[in-house]
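Just below sit the structures, each encoded as structure tokens.
Two complexes follow with chain A in common, the first pairing it with chain B and the second with chain C.
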Partner chain A sequence: MSDIEKNLRAEAKKLLEEKKVDYVIGYEESNGKVSPCFIDNAKDVEKLVFNPGCVHNLSVYLLEADAENKVGIVAKGCDSRAIIELIKQNQVIRDNVFILGISCDGVKDLLGKDYDKCKNCKYPVPLIYDVLLGEKKEGKEEDYSDVEEIESMSLEERKKFWNKQFEKCIKCHACRNICPLCYCEECALDDKNWVSKSHKFPEIWMSHLIRALHTAGRCVSCGECERACPVNIPLRKLYRKIGKDVKELFDYEAGVNAEDVPPLVAFDLDKDKEKIKQN
Partner chain B sequence: MQNKIIKKVIKKDKIKNWINELMKNYKVIAPVKEGDEDVFFRIIKSADDVCMDFQNTVLSPKEFFFPKSEKIFEFEGDEISDSGSKIGRKRILFGARPCDVHGLTILDNVYKGEFNDPYYLQRRENTTIISLACSEPDENCFCKSLGTGPVLCDADIIITDLGDRYFIEAKTDDVNLVNFDIIKEAAPGDVELKDIKQKESEDKITRAIELNKNLDDLHLEAESRKCLGCGCCTYICPTCTCFDVSDESMISKQKGKRFRCWDSCMFPSFALLAGGENTREEKSDRFKQRFYHKFKYYPEKYGKVMCVGCGRCTRKCPVNTDVVKIINYNKLDCNY
Partner chain C sequence: MNEEKEPKIIGFLCNWCSYAGADLAGTSRIQQPPNVRVIRVMCSSRIKPELVLKAFKNGADGVLVAGCHPGDCHYMDGNYYTRRRFVILKKFLEYVGIDPRRFRVEWVSASEGMKFKEVVEGMTNELKDLGKFELQ
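== the complex of A and B ==
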């Protein structure tokens, strides 16, 4: 057992025993794979694991917690950004969460391959936590080459590329449901006055572009949408394009600094009009 | 006329020629590789696109019988026109895995008999199925325990990989589909080898689901806690039949079209009634419905479970919900 895992269990045990939290959201192993799990009793903390299979961003489960619940949560660097953004957007009360932050070495898929998000991870150490497990480490330089590759295509090529991807979409909404920042109780994608339920072109573009634009200033690049997509649409690329634009236009990076004001709040029509035009 | 089975073989390097022959008279739906490892069924334009080396396709071929969305009719004022999707040429579904062919027989029970669904049935009747028996089932497959694979199924033709050639078993009705020079009579050795290969494939399947479980004893409430309520497990399932009917219209012109599209019992809107009542309000209610439908209600009505063991839901659930683990749960094993 790794030190991180040992310390994680000890911390969780303490939290539950001292009734500092009602439950802990973490990872367990089941049939050789890792799943999210909920630990309600101190005697169950032995179930908790932390290993390269722990890819899930558990902060999506904070949205389900009752306002009076106190919750412990295991968070890697990328996951912690979602928690910051959720607090900022008034979806989570800071005092209600106890963050078991983990300094992350990257996670791998079932075939042992690194996830893309880990290959260029800027923030392996959680940006918010109550305890930190593992040694602090350096993040990597920002690398938008994946987005630039698509940006360099002609309009026609881009259209063809995304058409081929969106054609595969079955509208299962796994991408939305797994996203911690998709917290709207009424989603535009469920309202047929906004988006038809059809899978055909051009309606299918509408669902995807609405969701893409709605990630502006919220998406923390955790890659969960892309991982959840059963037909492997490279969604993270699409949302990173929005993230890159938001960064360039408003110098805002979601979930990095608790003090930064989200661009949709800070937007000043007179001041920002020129910037938008130039782009 | 009773169907006799015709036994033939074809060299692997001749498969493309065979598909080309079939394409002359049929629209052919076959597995095509997209990206690094994903294989999907597509209406092929060239036999070169066909991929014969895959475990199973990402999505089942269900969508070619029960499309993700399809137009039912168009309307303008009181006028209704263009009703029903047309399908045109006869089709061949090539390379469907046995579990997925069984999946279609599960859809048949719902779409045929008590109510006849014209859209589904015309596609079904218009399509000949050539199944590709499995030689490399993966760790999530559990068809053997349900009798839905990895080899036998109700396809018109079944082909089995023998190494450098495929063994072909065809019903006499379909003799025209195998009457080509490139397809030879099978030798007794081929039949033997086929039996060995099929046995080998069966032995590779390690998972089994328990049948006739009392669902009330399962741990569904607890298992539902991590469920995200996406529709992934139901949409990728070859046996899920639910759909919704919706309109796309321009109210100002009283003009539009009505279509149907897939729907999922995992969505909160599924059991939402006019007036705002929801009969399956909680996530756990919806989660339970999926298992009760597949393993209790459907079997009570049709005598078999609504699952063919393809393993897709387990493979693709983003939070690792595992149908076998859930059904095989034994409340006496307290280590849960």
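== the complex of A and C ==
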């Protein structure tokens, strides 16, 4: 058992015994598979694990907590950005969450391969936490080469590429349901004025573009949508394009600083005038 | 006019500047292509990206969003948001393979009937070169 795991259990036990939180959201392992778990009894903390299989972004479960609940949550660097974003957007009250931050070495899929998000992880250490487990470490350089690769294609090629990807979609809405930042109670994707239930063109094109544009300035590229997608649409590449543009144009990065104002509900007169050339 | 070959442009015009500008072009009898179908909105910041996508989905060859010049918004700061929102949309449409010339954001004031004509003319000619818009 690693030190992180040992400390994690001790911290969780303390929290539950002192009744600082109602329950702790963490990871458990059964039959060699890691899955999210909810622990509300100090006796059960031995179930908690932390290993490279802990890929899930648990912050999505914060949305289901009641307003009066106090919740402890295990968060990696990427997950912590989603929590910051949720606090910023008034979906989560900071005082109601106790963040057990974990300095992360990267997570792996069932075949032992690194996830894309870990290959160029900029924030391995949580940006917000109440307790930090593990050593502080440096992140890697921002790398948008996956987006640039698609940008370097011709217009026709890009259209073909994305249409081929969208065609696979069976419209299960897993990408939306797993996304911690997709918290709208009434979703545009359920509104037949925007998109019908068909999974054929052009509806499918429409629903993917709507979702991408609704995550503008919010998406923290945690990659959960891509992991949840049953037909392997490279959704992260789609949403990261907007993240890249937002960074370049408005010098804003989602989920880094809770004080920042979201970029599309703000403006900066001088910089915008200089940087934004419409046509 | 040959309906099949003429490009269809959906124009979202803001009530206070661009719609009045288009109106001025009309009352001044300025000749311009009849390709724009105008939808009047109270402010250019009212237009969400879905509206633009829906226009394309339903067969528009181009979409024009026009509002007051930055700084002249009737609601003080509406078009500053428009400016940010649509620069993102434009780059994103390009990323998924839609020619950026099919989507335009222009600032047209109530006195710029001539500018409105130039915008419409320019866009229509460009779209004629590009041909029909096909999603697939």
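Definition applied: the second predicted complex is superposed on the first by the 267 of 279 C-alpha atoms of A that agree within 3 Å, B and C clash if a C-alpha of one lies under 4 Å from a C-alpha of the other, contacts with A are read in each partner's own complex, and residues count from 1 in each chain.
Methods note: contacts are C-beta pairs under 8 Å (C-beta built on N, C-alpha and C of every residue); 3 or more make two chains touch, one makes a residue touch a chain.
A quick note: this is a predicted structure, and the numbers were derived from the prediction, not measured.
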Clash or fit (per the criteria above) of chain B with chain C on chain A: fit
First, second, both or neither for A:Ala174, with chain B first and chain C second: first
Touching partner for A:Tyr144 - first (chain B), second (chain C), both, neither: neither
Which superposed partner A:Arg158 touches (first chain B, second chain C, both, neither): second
Which of chain B and chain C A:Ala228 touches, first, second, both or neither: first
Which of chain B and chain C A:Asn31 touches, first, second, both or neither: first
First (chain B), second (chain C), both or neither touched by A:Lys192: first
Superposed arrangement, angle subtended at the Cα centre of chain A by chain B and chain C, nearest 10 degrees: 90
Overlay on chain A, chain C to chain B nearest C-alpha distance, Å: 10
Residues of chain A contacting chain B in one complex and chain C in the other: 203
Complex contact set, residues of chain A against chain C: 150-151, 155-163, 188, 194, 201-203, 205-206, 209-210, 212-213, 216, 238, 241-242, 245-246, 249-250, 263-267, 269, 272-273, 276, 278-279
In the complex with chain A, residue positions of chain B that touch it: 34-35, 38, 40, 58-59, 68-69, 225-226, 228-232, 234-236, 244, 246-248, 259, 261-262, 264, 267, 269, 316, 318-322, 325
Contact set on chain A toward chain B in their complex: 30-31, 33-38, 56, 60-61, 164, 168, 170-174, 176-178, 190, 192, 196-200, 203, 224, 227-228, 230-232
In the complex, chain C residues that touch chain A: 49-50, 53-54, 57, 70, 77, 80-81, 83-92, 94-99, 104-106, 135-136
